[in-house]
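Below is one structure, written out as structure tokens; the observations come after it.
Labels run A, B and C following the written order; every chain starts at residue 1.
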């Protein structure tokens, strides 16, 4: 059982990290809590399904196009979000993005109906690790996630735009003074967020049935991780993603996945009471 | 004269950056005390530490005999220390009158104003004191910056503060608007309110204050009367520079 | 000046209220009367969401948890023995208020989106809990066998009408008082309010207590009306109450309440011809309203007429 927990926790943790990094970036850089984030995850999976069933293209192309489409949707949504943030404040943005998620859910329900949808695995077969049968696809997902995490970290550290994103995430006012085009930075940040979320959704999807309400759980997971790791901190999100990944797999296997949900909520409330800025986050104003 | 507030060895750093270093000062009741210093010197941080928005790492702030470090901002406002902000913070979607009502129904004022009638009288008094009669029912979004500055002051005065902390009240307004605002501030001091003023507009500053603290990099550079400060070589070097000409 | 501009609006409200008392004399159809009865309850749902989320800006994304506390309390107790609605409703409200204190105390103390996020997660956890503890909660099927409010649709109507009028009146008076003004200042600039002596946490908690109290009472009342309670009735409330309040207009209680009232009536009729497009349309409407008419339908009406009366502004708080 312990081995199962370790394996699941590690793989899930890596995928959750992708989900959380995007979420925390948008919050850090734009002070926007984008509740549509879970929907990027869902749409990533749905678009792969749609592309595969409409055109006979190789899986890899479906994946790439799907991610591109979701990124475009993300950027497209940036404009109403920006306007709402200015005129209505964060409340309007929260409500708008939440309701937009529901809207997308109902739209998908109309289009795809209530039948169960599935995406084929990328690779078949499995490997035995520590006495646990792990599907190759899952290992692939772990590999891809780790690679992307490293690439993103390198990007943030060394690429000029990456550094601009980090500075804007820490203090957008100073970023502007330094001559950074914060508008462009925000758009790129949002595109990256959407990309990471969509990728996470695609990698998980061969193991799940696609349902139109599958945006809510990853959204809750994303912000739980980000609260634990600290709003605005990428490193914090990565660490917290694994912590929560292990908690989740541990309790899911030992008791049930609903129990895991309750425990994670309890953890989050404790974090809010005792250390609201999370492990490594911005100090709360 | 009793000192109304005594700050000793105030220290605060954010990350590795020291914003307040061994800061000490004593302000007498009824004084008009001024704080000078270049941007980033730690003046606003000092106000933040005095009003509970920032928790100092070390030091003491004794107000009327009690150490107030650790009190929350609303508690500090209710014991009589009220601050204004560098950038005005009017309550949007509310009228000028509603803005002034909010502090007027604070716990502090609830103790002093026994009923609805006295509340109305108080609000009227503040409005007249700050020359805002013409703007009573206007929503703040429609008001020019100079009026918003007066409103910022009015809100603070509506708390009936014993110690008023003004953070650059003259910034962003035209020359024409400075004099009336300055007069209101002077009247407040004359009626007994101790005032600590941060301001860059030196001419007005020197006219109002009777003692000055100059700080830079979070530390005390000099303390004294306007005349002493103006002639202090260290101060002139570290801060005044080209602005020196304004004082004459 | 303030009294004068209130007059036309107050007259309209009084006329509306007066008419509502005569409805059962005009509408004899039990089904139609039932729709209005439910609409009465939904008016309190959206009005009570407003006192917290509309006024202080602390978005409650898990309203169903509080309404559900009242409703499920009634449902669960009714399996063992019957309690009359005039006990069940207030007790349900108090229980919901208790949950509110538990949730609000840690999350409202911190500035930032924590309250919103926690309530969102809470709604999800609550829904799962209903499934897990299905022996008690009835799971997907819910719980039936609750004593009806009364045996007459006319009596039902009047009970809910009075409940609604009193509830909305209390919420409105609180919202338009100086306390309500302070709540609004928290939404606009919490830091500035604190610098002027406002104990932000205390006020947010008070607003939340009021909100959960009425949520619990309305939830319980709904259970008594239907004689049944289930997830299908309760959990969509979290989303729907937001749609209703924003549609009507937040920050003044009555527009939000009217939003709930009208949308509920509309949805009962529209269900037959909208069918499965129902939810899509409501969420779509909300997205449009929030972008184009952020003040909501009824609040925009109010602001329009208030301006027409020649005043410069809406100094509404007394």
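Here is the rule we go by: contacts are C-beta pairs under 8 Å (C-beta built on N, C-alpha and C of every residue); 3 or more make two chains touch, one makes a residue touch a chain.
Everything numeric here is computed off the predicted structure, so don't read it as measured data.
*Asks:* Touch graph of the chains shown: is it line, ring, star, complete or other?
*Replies:* Contact pattern: an open line, chains touching in sequence.
*Asks:* With chain centres set to the mean of the C-alpha atoms, which chain is at the far end from subunit B?
*Replies:* In terms of C-alpha centroids, the chain at the greatest distance from subunit B is A.
*Asks:* Mind checking the centre-to-centre distance between subunit A and subunit B? Centres are C-alpha means, answer in whole Å.
*Replies:* Centre-to-centre distance between subunit A and subunit B: 45 Å.
*Asks:* Round to the nearest whole Å and give the separation of the Cα centres of subunit A and subunit C.
*Replies:* Those two chain centres are 32 Å apart.
*Asks:* Among the residues of subunit A, which ones contact at least 2 other chains?
*Replies:* Within subunit A, no residue touches at least two other chains.
*Asks:* Which subunit C residues reach two or more other chains?
*Replies:* If we look for residues of subunit C contacting two or more partner chains, we find 191.
*Asks:* Provide the residue numbers of subunit A that touch subunit C in the complex, in ascending order.
*Replies:* Going by the criterion above, the answer is residues 33, 35, 80, 83-84, 87-92, 94-96, 98-100, 102-103, 106-107, 109-110, 216-217, 219-220, 223-224, 227, 231, 256, 258, 261-262, 265, 268-269, 272-273, 276, 284-285.
*Asks:* Report the residues of subunit C in contact with subunit B in the complex, numbered from low to high.
*Replies:* 1, 178, 181-182, 184-185, 188-189, 191-200, 311-315, 317
*Asks:* Okay, in this complex, where on subunit C does subunit A touch?
*Replies:* 53, 57, 59, 61, 106-107, 109-114, 116-118, 120-122, 124-125, 128-129, 131-132, 187, 191, 239, 242-243, 246, 276-277, 279-280, 283-284, 286-287, 290-291, 294
*Asks:* In the complex formed with subunit C, which residues of subunit B make contact?
*Replies:* So the residues of subunit B in touch with subunit C come to 51, 53, 72-74, 77-78, 82-83, 85, 89, 91-95, 97-98, 101-103, 105-109, 137-139, 155-156, 158-159.
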